[in-house]
Amino acid sequence: MSDIKLLINQILAFRKERDWKQFHENPKDLAISLSLEAAEVLEHFQWKSEEEIKEYIKTNKIAIGEELSDVLYWVLLLSNDLGIDIKDAFEKKMKKNALKYPINKSKGKHEKYNEL
Amino acid sequence: MSDIKLLINQILAFRKERDWKQFHENPKDLAISLSLEAAEVLEHFQWKSEEEIKEYIKTNKIAIGEELSDVLYWVLLLSNDLGIDIKDAFEKKMKKNALKYPINKSKGKHEKYNEL
Amino acid sequence: MSDIKLLINQILAFRKERDWKQFHENPKDLAISLSLEAAEVLEHFQWKSEEEIKEYIKTNKIAIGEELSDVLYWVLLLSNDLGIDIKDAFEKKMKKNALKYPINKSKGKHEKYNEL
Amino acid sequence: MSDIKLLINQILAFRKERDWKQFHENPKDLAISLSLEAAEVLEHFQWKSEEEIKEYIKTNKIAIGEELSDVLYWVLLLSNDLGIDIKDAFEKKMKKNALKYPINKSKGKHEKYNEL
């Protein structure tokens, strides 16, 4: 089985056992969760230089992985509840990105597509 | 092959072809991207009532799916660059969540774990 | 004295007494703070209906005011450090907004200026 | 007159002329705006080294000032609508911060108050 589907199933089972679907009726709140969890990832890197971040990562992989998992949780749950096949959406978006950033124009350059 | 690994490979190939790894040296910037893309998901739901959101979703699934894909992109890229196995991290986090929110205590309740 | 200037002076005195200017050399970190504090404001309103928010505000004005103050803190500090006169910038932005949203076109309508 | 009050009056006049109060009934959406505008400030500093940011600021003060003004706009509007006197809240928060970070303990140190 697809492991994305597997993770989604874990989330749905977790929610069902706790009868929490009733709290997830408004996608706005799910999207807020996504945003708040992304902020928690960011917090790990604040006030640190690149060097300090390198050191920090060595001893905080589990904590950062947990925050990234929280973001992933809401990406998967929100996709599921909105009826979006996230794997399919992702692959289509990557194709779109490839058109926005053609290799010959964007290689080694960091400009946004509309500035290339 | 695991489809999460498959998506990560797509991201890494995309980056390699464009020689963009050099711009991704500072995880702080990757985490900012994650946060900015999460904000773009949220923007879809702003200024709308629950009813309006239901209508909105019907005709904007592709656009929302693209934004969710952008968030997923940074979750997967950041995990990869930090040496975090996101699937493994996710499953461990789910187990931790299950301990934080035991079914008998949290069923049908929406309090945070420290208020249960 | 302008009370915005007064608040900025309080911030600068607070920072000087603690010798914290050295940690504020990178505006990127100050902007991250701004973003994280805005997330904390948002958290107060999550998972609540409009009715529940009305009730919540009654008893949580102090806590919400503290979070809004934290956002204001970083707006003022960041402006100061970047050499931006925030009062002046604000009044200019309001004039720009007035041009983007002419009364006759935008009255009672909530579309973005580029959709009016 | 207090210039904070002056800015709030400008916002309220702007809103009244456009009859936009009706769209601001749910503080959740105002708090989302605050968060989205803070993200736009942050975007200015992304993908740039400290050196590059210094250069960038020189020629982008107006643009950054506009984004900071947008954040200030929502801080002031949200405070007003929630019945919070933001100047008073700010000064109280600064006193609380002074207690959390006593000069003798926090001078030259960047730890969070609970780690001092």
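The first chain written gets the first letter, and so on, giving A, B, C and D; residue counts start at 1 in each chain.
The definition used in the following text is that a contact is a pair of C-beta atoms (placed from the backbone, for glycine too) under 8 Å apart; a residue touches a chain by one contact, two chains touch by 3 or more.
All values derive from a computational prediction rather than experimental measurement.
Peer 1: Hey, what chains does chain C share as contacts with chain D?
Peer 2: In this structure, the chains that contact chain D and also chain C are A, B.
Peer 1: Rounded to a multiple of 5, how large is the rotation, in degrees, that superposes the C-alpha trace of chain B on chain C?
Peer 2: 180
Peer 1: So chain A and chain B: same face meeting same face, with over half the numbers shared, or different?
Peer 2: Same: most residue numbers at the chain A-chain B interface appear in both copies.
Peer 1: Quick one: chain B and chain D, Cα centre-to-centre, how many Å?
Peer 2: 27
Peer 1: With chain centres defined as C-alpha means, what is the inter-centre distance between chain A and chain B in Å?
Peer 2: Each chain reduced to its C-alpha mean, chain A and chain B end up 2 Å apart.
Peer 1: Residues of chain A touching 2+ other chains?
Peer 2: Expected reply: 23, 28, 32, 35, 39, 42, 46-47, 110.
Peer 1: Would you mind writing out the residues of chain B in touch with chain C in their complex?
Peer 2: Against chain C, the touching part of chain B is residues 28, 32, 35, 47, 110.
Peer 1: Under the stated contact criterion, what part of chain D meets chain B in this complex?
Peer 2: 23, 29, 32-33, 35-36, 39, 42-43, 46-47
Peer 1: Okay, in this complex, where on chain C does chain D touch?
Peer 2: So the residues of chain C in touch with chain D come to 2-4, 7, 10-11, 14, 17-20, 22-23, 25-28, 31-32, 34-35, 37-39, 41-42, 44-46, 48, 50, 53, 57, 61-62, 64-66, 68-73, 75, 78-79, 82-87, 89-94, 96-98, 101, 103, 106-108, 110.
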